[in-house]
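Note that subunit A is present in both complexes that follow, paired respectively with subunit B and with subunit C.
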Partner chain A sequence: MASVIGAAARSTRPRISALHGLVAGAALLLALWPLVFGNKFLLALATLVALYAIGAASLHLIIRTGHVSFAHAGFMGVAGYVAVLSQMRLGLPFAAALPLGCLAAATVALAIGPLILRVTGKYFVLVTFLFGEILRLVFTEWTAVTGGSNGIFDVPPPAPVFATPLGFYYLALGAAVLCVGIVARILGSEIGRTIDALREAERLAECSGVPVIRWKVAVFVVACALAGVQGVLQAHYLRLIDPTTFSIVESLNLVVMNVIGGMQRLAGALIGALFLTALPELLRGYVEMQRVFFGIILIIVMAALPGGIIEIGARLRALGKAR
Partner chain B sequence: MSRLLETSGLSRSFGGLRAVAGLSFAVAEGEILGLIGPNGAGKTTAINLLSGVIKPNAGRVVFAGEEVTGLPPHHLARKGLVRTFQSTVVYGHRTVRENALRGAFLGLYPGVVPAFLGTLRARARRRETEDRIAELLAWFGLDHLGEAIAGSLPYGRQKSLGMVIALAARPRLLMLDEPVAGLAAEEADQVLETIRRIRQRGVTLIVVDHNMRFISGLCDRLVVLHHGQELAQGTPQQVLADSAVIAAYLGRGHGAA
Partner chain C sequence: MFTPTLLAQVVVNGLSLGAIYVLVALGFTLLFGIMRVVNFAHGAFAVLGGYALYYLYGQYRLPYILAVPLSALLVAVISLLLERCVFRWFYQKMFQSMIGLLGLNMALVFGSVIIWDTYERAIPPAFNGMLQLGGVILPLDRLMVVAIAAAILALFWLFMSRSRWGLAMRAAAQDVEIAEAQGIDTLSTYRLAFFIAIFMTALAGGLYAQIYALSPFMGDRPLVVAFIAVILGGMGSIPGAALGGLILGFTESFLSTFYGATLSAFVSFGVVILLLIFRPWGLLGTPE
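Take a look at the complex of A and B:
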């Protein structure tokens, strides 16, 4: 028994301070990134990582309730289309269009959440897979509004300052810090404790007074609204919105980010977003073999680190202790 | 004494099997009621029905003068109806203290906005709850194990932790599903003492077991279940003298059950 207690006490303390240091370091690096690397390619890459961090972190929030959603990119699309259309057709400013888009994603989540969050495991995967596909069909087939598979071109920049790659990078970074910060705060509060409780032992949590379904729906709604931020910003970044950016492949991508980074912790989602966004870009030189290399690397990582890349930290700590 | 809980005609079938059929009884405030019967008699099903974990096919449950039939568990917990589980249920990968805090959700959780912002009120609740939890853990002899991982504890300790989780929700009526099953004699005696002390604190109890000796020493009244139906009801003396009980449960019926 003594060893169990000792181990728990030892591992919690330093982990917190190390994490804080890591976060501070990462924030500094990200803020200075464009100054250090004046390279266009690296700036574009950093922008994409910031955008995907939003999607991956918000999906992580849903995963923490015990549900792996394969419709996450679909919700991004809802927000993206609503924001772009309200800006281009209705002439709303970006500052109003962005929250409106997120509100739309949240509304759709609220409408289907109470139905689909009652199923778990592979059935939830299937149901969300189908729902994501339905959303993509709407984006593709509702040509009069969405522009069909061609999408909508010439999406204006959010504001003149954000028209340059550097300006947009800071916008994306700011949004990522805000959204990831919200997720981190949720998970670190009593809300996070309750989310973990209902995932680990739903019945027990319910008998302690937790309205489980209501909580799952609330988390789902918030996460889909946050994912909407990526959807909207991405449309402005690409200056284009079309169904392919919100397809099932994109949803799968977000799931893989969480799996490969590590599903137990928010940091895993962020590591996954970095890894999965950077890797294909860095493999661009090998066009022919890109997918093959990518696949092989994924398999090697998953075989070596079944708990995700974040496991490296635990392994290193174990090594340090063994010495 | 006033009636805290009352059921009438409570029934639940699984397919063709009548797990609980027409169960009617009342629990007075401050009482310890024993629910007893052989394996498969329907005791756990009855607790599941009373705690809202499953819904009845027929019958009524009235708690504190209010009809609560078919309400979900979280709703009933909020009203003060809390239960433990027969096969120990704890959050196995978490510390003992974390387990207890999770049990205290109703007292701890200050609402979405205060929780998110970590307001003064949220922090005050947290402190209050932590004090209460510390007291509970000390009471169950788990205070020195606060940082131990629940799943690594011996069986008896996990059962105690299950009771801590339930008590952390501040029940008015606590339902314990086989609190001493699988425990050694001394451990069982301790649990008995603990149950008496829980009652002294003003909590009414329903205790499920199939050991007549254990339960008749503890309870004010007994309800005997057999094949989902009530076989007898009354004080332990009355029930022990009941010929149907002797025949079906204590005598040859034990094997037949």
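Take a look at the complex of A and C:
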């Protein structure tokens, strides 16, 4: 594993300008296409993909430290509820409510992180699984504040400009580019190497003077705050906030995005977000059949590509070399 | 509040619920302990077991004592096909198995929706009578559940501890490579473990569906419970899963009778989280 990472690190140097060009081109394409095609369905789909890209990328940050969190949607919910409530009950503007929501998610992460990040591997999966359930129970049972299972209706649009589908798409796209950019910047920096060291050899990193728990908590807090961005925006997009959008199913969905795209690379998380958001919508028509197909596709992808969809690239390259 | 009648009722309920949880959790821990597969489709097999019992006992009126094991056997035999097509790809791959089997769960649950629709069905109770013991009234059907589960668990324990196959399974769980080097056919050992795990889960699903109600979405609760029971006892530990299932059944029965279901959920999740932080290998597991 270590040698693979080493090879990847060596090979990024000459490719970096090409990568930048690719990213810039993709961003331009994402910004311009709705002006050319006025398809409402595709626009709604693209907005959802942009929102899920935030959640999947922020979860990727945690996964890179070697911890797979199953409570990610719960943190999203904390941010969503705090932002919506502060806007609707306290009358704060959206620009203040969004950071406040993210701060709330970060605070919860900071409180719970030092405790739960001590357990690793499958145990971390289980702890966060249960913690996510507890958060959902709080959302559901604290009826006086959260509106219980009915949730809170008529969440106002962030601003009049973003009330139209096109306006909101640009807001979501902007937020996604910003959040994914932050994650990419963190992973590409010195901190990114620390994160990789934590995952590959925790003891060794500790012996080299890396304060392991402190870094893990820091990464966890940042990732949960970023996930909060999706939670807040999603509530405004759906004009509704309720516990089902932050249940264990949603957390699992984010994990599936990462695993099916490829857990080792940020691009994997983005591919997963696209695949998992777009595919069910495109299979629409007959709802039950769609879920069955979707399940079968998950099985086939995981059986054929244990490293995720991103593995296709490596497979093709290997095939090219063999010829 | 704590009258003897009520208390006896709570104990019997806890015992029958616990017995069902133990069966589900044992199947789960068997798959994890031996093949390192996290079976997110576990609830779906419980649902299939429920429908099998619904047809064999509710529709075709087979004698109860025959219908229960036969329906579980039916599901387990059909599931061997899934072992060949799906599970075999995911042995010894924890994360991939999680996602792939989540997909299988989706396919099975929504496949059931297509075949049987979403409305809830009832499986007729085996007995309507009550057993009266010195002023304490016990429902017979709950006692029957306890008896069936106890019989299956005893058989399972005998099989695992006394038979050569059970020994092979425990060896494969400890170290696959060394087990293979000693001449154990791991592939057929896996198949057997899979068969037993699904048999127990389907059986538990039938009993669960009879106590509550049968629908394609019935499996979610047994899955979560199996998860928690297995964590509580220790991942991969067979006595641990049994202990975890019993504790969970009793806690649920006791707390939800006296203090409501919400508090019961909060308490059990909170306790398990604390346990995981301070003793992640569970009550009876072994630290790595």
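Criterion: the second predicted complex is superposed on the first by the 299 of 323 C-alpha atoms of A that agree within 3 Å, B and C clash if a C-alpha of one lies under 4 Å from a C-alpha of the other, contacts with A are read in each partner's own complex, and residues count from 1 in each chain.
Criterion: contacts are C-beta pairs under 8 Å (C-beta built on N, C-alpha and C of every residue); 3 or more make two chains touch, one makes a residue touch a chain.
Bear in mind the structure is a predicted one, so any value in this text is a computation, not a measurement.
Q: Have a look at where A:296 lands relative to subunit B and subunit C in the superposition and call it first, second, both or neither.
A: In the superposed model, A:296 contacts subunit C only, not subunit B.
Q: I'd like to know which partner A:131 touches here: subunit B for first, subunit C for second, both or neither.
A: second
Q: Would you mind checking which one, subunit B or subunit C, touches more residues on subunit A?
A: C
Q: Which partner does A:119 reach: the first (subunit B), the second (subunit C), both, or neither?
A: Touch partner of A:119: subunit C, not subunit B.
Q: Going by the contact rule set out at the top, does A:197 touch subunit B (first), subunit C (second), both, or neither?
A: First partner only, subunit B.
Q: Flag every residue of subunit B that touches subunit A in the complex, lowest number first.
A: Those in contact with subunit A are residues 51, 53, 72-75, 77-78, 82-83, 85, 89-95, 98, 101-106, 108-110, 112, 115-116, 118, 122, 126, 145, 147-149, 152-153, 165-166, 168-169.
Q: In the complex formed with subunit C, which residues of subunit A make contact?
A: Subunit A residues touching subunit C: 68, 115-116, 118-119, 122-123, 126-127, 129-131, 133-134, 137, 141, 252, 255-256, 259-260, 263, 288-289, 291-292, 294-299, 302-303, 306.
Q: Taking the touch rule as given, give the residues of subunit A at its contact with subunit B in the complex, in rising order.
A: Subunit A reaches subunit B through residues 1, 4-5, 8-9, 185-186, 189-191, 193-194, 197, 200-201, 203-212, 218.
Q: Name, in rising order, each residue of subunit C that touches subunit A in their complex.
A: 38, 86, 89-90, 93-96, 98-111, 113-114, 224, 227-228, 231, 235, 262, 265-266, 269-270, 272-273, 276-277, 280
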